[in-house]
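Below you'll find the structures, each written out as C-alpha cells.
What follows is chain A paired twice: with chain B in the first complex and chain C in the second.
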Partner chain A sequence: MNKCYINGVASITAQPTTNGKFLEDIISYNDIIFKADNPNYKDFIKPSAMRRMSKSVKMGVTASKMAMEQARLEMPDAIITGTGMGCRQDSEKFLEKILYDDEQFLTPTLFIQSTHNTVGGQIALGLQCKGYNLTYVQSSASFESSLIDAQLMLTEDSNKKIVVGGIDEIAKTSSKFHILNGELKQQPIPNLELLQSKTTGTLLSEGATFMVLDGEKSTKNIAEIVDIEMIYTASIEETKKNIEDFIARQGLKIQDIDAVILGNNGDRQFDTYYQSLQTSIFTNTQQLYYKHLIGDYHVASAFGYWLTCNIFKHNNVPSIVKMNNLEVDEHKNILLYNQYRGENHSIALVRKC
Partner chain B sequence: MSKGIAITGMGIISSVGATVEENLHSLKAATPGITRLANIETRHRDSIMVGEIKQTNAQLETQLGLEKENNLSRTSMLGIIAAKEALTQASINDIEAHRTGFISGTSVGGMDMTERYYDSYNESLEYIRYIETQHAGSTTGDIAKYLGIKGYVTTISTACSSAANAIMLGARMIKAGKLDRVIVGGTDGMSKFTINGFNTLMILSDEECTPFDEHRKGLNLGEAAAYIVLESDAIVANENKKVLGYVSGWANANDAYHQTASSSEGEGAYLAMKKALNVAKISPEQVDYVNAHGTATPNNDMSEGTAMTRIFGKETMPVFSSTKAFTGHTLAAAAAVEAVFSILSLQENIVFPNLNFKTPIADLSMTPQTTCLEKELDVILSNSFGFGGNCSTLIFTK
Partner chain C sequence: MAELVEELKVKIIDQLSLEDIEVSDIGNDDPLFGDGLALDSIDALELIVLLEKEYGIKLTDPKQGKEIFQSVQIMADYITEHRTK
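For the complex of A and B:
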C-alpha cells in the first residue's frame, strides 16, 4: 500500500499554537465556551477579501496557508475538509432573520456562506485549485473522514499532494444550546482542571487544523499516517478490542506504542471510554491529552495530529499534556484515539519519519 | 470500458413516489410532482412551486413506528425509508455479515427541526432533544442506527453534489477493498431555511421549472432521499447477487470561479465529465444518454450546456434530459435520485423526458429529449453540481 506522509501541519486553537513554540505559553480560561486565539489573519489574507469572510473561513484559509508554507506546496491536487457544524455563525444569523423578520429583508450573502463546504470552496477559489474538493460533516469524525479519503486517494495515486483540514466555529446563540441539552458543563470550570471535573458535559471551543499530505518519501516528511479507522458506535469493551485489533493489524504489540493521545474531555459519563483503556491495555504506555487546552468541538481531534508532529519535531513532550508519569526517550509510534459521547470513534497510528 | 462497481439495490422517496416502483411509474407516465407547498408555513407559499413529498412528519413517524419522543428530523425519516428499500431490494438481511459502510450526503440535515424549535429551547425543555439535530451528521447517524450499521459511517456535504460524492466515495472504497459493501446516497427534507436561501438568490421559479429552455425562470426546490447499495465482486459472486448496473466512472472537480455561480465556460463541469470518462475508460461517443444536472436556473443550464458541448461536440451531442421538472431540485439528494433514475433507464431502456421544454437556449441550440424514448442504453452519464464550485460526474453502465 502507498504511504501517507504529513509534510506540514498548522493549528489555530484557543491556545497560542501558531507562534512556532510548542505549548510554552498556556492560556487559562474559566468559561464553558471559549474562543480561538486569533493569529494575525492579515498576514495571510488581503483586507479586501477578509471583510466578507466569516470566522471559519478566516481560520481555515489561514491554517491551510500555514500548513502549505511549511510543506513548501503552492498548488494541491485536492482539498478535503471536515467540519461538524460548518459555518454556524452565518447559518445562525440567516436563520434568525428568517424567524424574527418574518422571512423578509434577507440578503443572499449569509445563505451563500452558510453551506458546510464554504471553507473548502473558498480555499479552492483563493488558490484557483480545480482539483478534487470535498467536505465531510460527520460530527467528531469529520476530520478523520477527510483523512480516510486522502489516504484512499494516495492509495490510488501516490503522486497526489492533498490539503486536509478541520474547521469549526462558535456561534453566539446556538453554541449555548449545548449547555441546555447537557453536552456542555452547566457551570464554568477552569479549563486546566478539566480532568478533575466530577460532572457530565465538556467545554466548547473552536479552531482550524490543516495538514499537507503527500504519498512520496522526501525530506519534507514529518510523520507517516500508517493507518486510520473510524467506527461509528462501540461499547467500552468493544472499543478495547477494536484498538487491540487495530494495533495487531499493524504488526505491532501494545508495548510498541510509545504514547497514546486520548480525547478525554472531562465528561464524567463518557470519559469512561478512555479511563478503561488507561487502566488496562495502556497502563504502561505514556498517556497524553489536549482537550483541557483547546476545549472540545467536532474537529478538536485534529489537534492530536498537530501534537504528534510537534512531539516528533521537538523530541519533547510538554508536561501539560501528560496524564501519567511515564517517560519516553524517543517517540516512534503514537496512537490516537477519540470518541464523542460513545459515537464516532477514530483510531490512528502515526509514525515518525 | 472498466467493469465498475456492482449496484445490487436501490431505494427512493421523492415527490413522484414513495418507492422505486412508484417513481418509475411517474417517470414513464410523464407525471411531475411539482405543486404548491403544503407542509411548511412560509410567506413564499404562493410564489413558488416545489417538489414536495406530501406525507407529513407525523405520517412518516407512524410509517416508521417511531416513539413519540423521537428526535428524528424529516431528513432522517426520508433517509430511513429510502435506505430500507435499498437494503430490501439487495436482499440484505444480516447487516453485520460483511464490512458494511454507510455514506450519506445532506445539506439541510436537521435544519427543519432547528428552525421549528430554535426559539423554544430557552423557554422549555420539551424540544431540547432536537438540539443534537443541529449538526448534519446526526441525520446520517439516525439512519445508520436504524439500519444497525456500526462501522464506517460518514456524511458528505458539498451542497447539491453531495450524493454524487457519496456514491463516488463508496465506489472507491469498494474498489480499494476497504469495504465489502456500502449504502450510498443522500437525503434532504424541505426547510424554510433553503426556501428563503434560494429565494434571496432569486433563482426560484414561480412556475413549473423548464430545464434547458431559453425562457427558464429558475428552479423548483424539492425534497427526497435515495440510496443505492454497492457490493464487492466477491459478494456478488459468492451470494449470486442480481446486479442492477454498475458505477463505472466518477470524478470530482472544482470550478474555482465563484462561491455559488458556475463559470460561463463550465470549467468545473467539463473537468468532472472528462475525468469520469477517463476513470470509466469510456469515450464520449460511447455515452448513450446524459442525465443532466439541469436545474433550470439561467446560470446552471448555460454553464452545463457549454461544458457538455465542449465534451461531446455540438453535432454529436448524445440524448440528454434533466429530470428536475419531475422532482424539483432535491439538493444533496439530487445525485442519488438521478442515480436511481439512471439505473431505471438502464434496466428499462428508456430515456425519461425533460418536461416543460419549448425553446432551445439561443447560444447553445441544444434540444433535450422531451418525451419518453425507448432506446438501448448501455452507458449513462449523470452530472451534479453544487455551491462552492463542487462539480461531480458519475457514469453508470449495464
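For the complex of A and C:
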C-alpha cells in the first residue's frame, strides 16, 4: 500500500473544535441529544449559497474548507464523503411537506438538498471541482469506507490530493426515533459523566470532520495513516485477536503503541468491547476517548483522526480525553479502534510525521 | 395592492430563505433575477410553486415566469388579475 498522509484536518462538533485551541473550552450538556457548536459559517460560505444549506451542508462545506486551508490546497483531485443518515433535516422537511400539502406543491430545494451526496456535491460546486466525487452510506462504517476508497486511490496514483470527510446531522423528529429503539439513553445524563453511566444506549450528536489526504511526502504532512481495517462483526475475543494481528502486521508490538483512542460511548451493553481491551492488551497503554465530548453518531469515529493529529501537533494530550493515568513523552504511533453496537469494527494505525 | 406587495415580499423571503434580506430591502420594481435579488433557476421553480399554493395560479408555460417574475410589483399585478384564492 502506498503512503497516505494527512495534510489538513478540521472538525465541527458539539465542542468548540474550530477555535484553534486544543479542547481547552469544554461545553457540558445534560441531554440525550445535543447539537454541534456552530462556527461562523459566513466566514466560509457566501450568503447567497448558504441560504439553501441545511446544517450538515454548512458543517461539511466549512470543515472541508478549513482542512484545505490548513493543507494549503486550492483544488482537490477527488472529494469522498461518508454519512450514515445524510441530509436528514431536509429529508424530514420534504416528507412533512408531502404529508401536510397532500402530495402537492413540492418545491425543488428540499428534494435537491435531501440526498446523501448533497454535501459532497456542494463542496464540489463551490470549488468547481469536476473530479471524482463519491459518498459512502454505510452506517457507522461510512467514514472509514470513504477513507479506504481514498487510500486505494492513492495506491493507484500517489500524486492525488483527496478531500475525505464524514458528516451527520440531527433532525427534529427522526433523531428521537433512536430513543424509541433503545440506541440512545432513555434519560438525560451529563455528557462528561458518560462512562459512569450504568444504562444501555448512548448520547446522540452531530458533526463534520474533513481531512486532506496526499500520497506524497512533504513538509505539509501532519500524520500518516499507516493502515486501516474494517470488520463487520466480531465477538469480544475475536476483536482482541483482530487488533493484535493488525498491530503485528505493521511489524509492531503492543508496547510500540503510544496511545489507543477508543470509541467508548457509555452504552453498558457494547462498551464491553472496549473495556475488555482496556483491561487486557492495553493495560499499559495510554487510553483515550472522545464520545463524552462530541456524542455519538455514524461518523463520530472521524473525530479520532482530528484528535490524533492534534496530539501530534501540540505534543500534548488534554486531560479531558484520558481514561487512565499513563503519560507519554512523545506520541509516535496511535491506534484507533471503534465499533457501534458490536458491528462495523474499525482499526487504524496513525503515525506522526 | 400595497398590502399584497408587502405580503408577497414576506413570502418570497420566507420561501426562498433569503437570509439577511428584509422586506424594506426589496424595492417594488427591483428586478428579481440578474442584478436585483440575483435569484436563480431553482428560485424560479420555487416562485411557481408559491403562486400555485398561495394564490391558486397554475403556470403551464414556463416562459410566462420570465415575464411575471420581473419584479414584485409585476408579480402582484399578475396575482391580482389571476388569483383563484
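Everything below uses one rule, namely that the second predicted complex is superposed on the first by the 351 of 353 C-alpha atoms of A that agree within 3 Å, B and C clash if a C-alpha of one lies under 4 Å from a C-alpha of the other, contacts with A are read in each partner's own complex, and residues count from 1 in each chain.
Definition applied: a residue touches a chain if its C-beta (ideal position, glycine included) is under 8 Å from a C-beta of that chain, and two chains touch if they have at least 3 such contacts.
Only a predicted model underlies this, so the values are computations on that prediction, with no experimental measurement involved.
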Check: Fit or clash for chain B plus chain C once both are placed on chain A?
Finding: fit
Next item on the list: Could you let me know whether more residues of chain A are touched by chain B or by chain C?
Entry: B
Check: Does the superposition put A:138 against chain B (first), chain C (second), both, or neither?
Finding: first
Next item on the list: Considering only the touch criterion stated at the top, classify A:51 as touching first (chain B), second (chain C), both, or neither.
Entry: second
Next item on the list: Kindly classify A:233 by the partners it touches after superposition: chain B alone (first), chain C alone (second), both, or neither?
Entry: first
Next item on the list: With the two complexes superposed on chain A, say which partner A:263 touches: chain B (first), chain C (second), both, or neither.
Entry: neither
Item checked: chain B versus chain C as contact partner of A:128, first or second or both or neither -> first
Next item on the list: Kindly classify A:107 by the partners it touches after superposition: chain B alone (first), chain C alone (second), both, or neither?
Entry: both
Next item on the list: If you've got the overlay open, could you tell me the nearest Cα approach between chain B and chain C in whole angstrom?
Entry: 9
Margin query: Just to be sure I follow: which residues of chain A are touched by chain B in one complex and then by chain C in the other one?
Written below: 104, 106-108, 112
Next item on the list: State the interface residues of chain B toward chain A in the complex, per the touch definition above.
Entry: 42-44, 102, 106-107, 109, 111, 114-115, 118-119, 121-122, 125, 128-129, 131-132, 134-138, 140-141, 144-145, 149-159, 165, 169, 172-173, 176, 178, 192-193, 196-201, 252-260, 267-268, 271, 386-390
Checklist line | Contacting residues of chain A [partner chain C, same complex] | finding: 47-48, 50-52, 101, 104-109, 112
Margin query: Which residues of chain C touch chain A once you look at their complex with the stated criterion?
Written below: 15-20, 38, 42, 45-46, 49, 52-53
Note to self: Looking at the complex, which residues from chain A come into contact with chain B?
What the structure shows: 79, 84-86, 88, 91, 94-96, 98-99, 102-104, 106-108, 111-118, 120-122, 124-125, 127-139, 141-142, 145, 148-149, 152, 155-156, 174, 177-178, 180-181, 183, 230-234, 298, 343-344
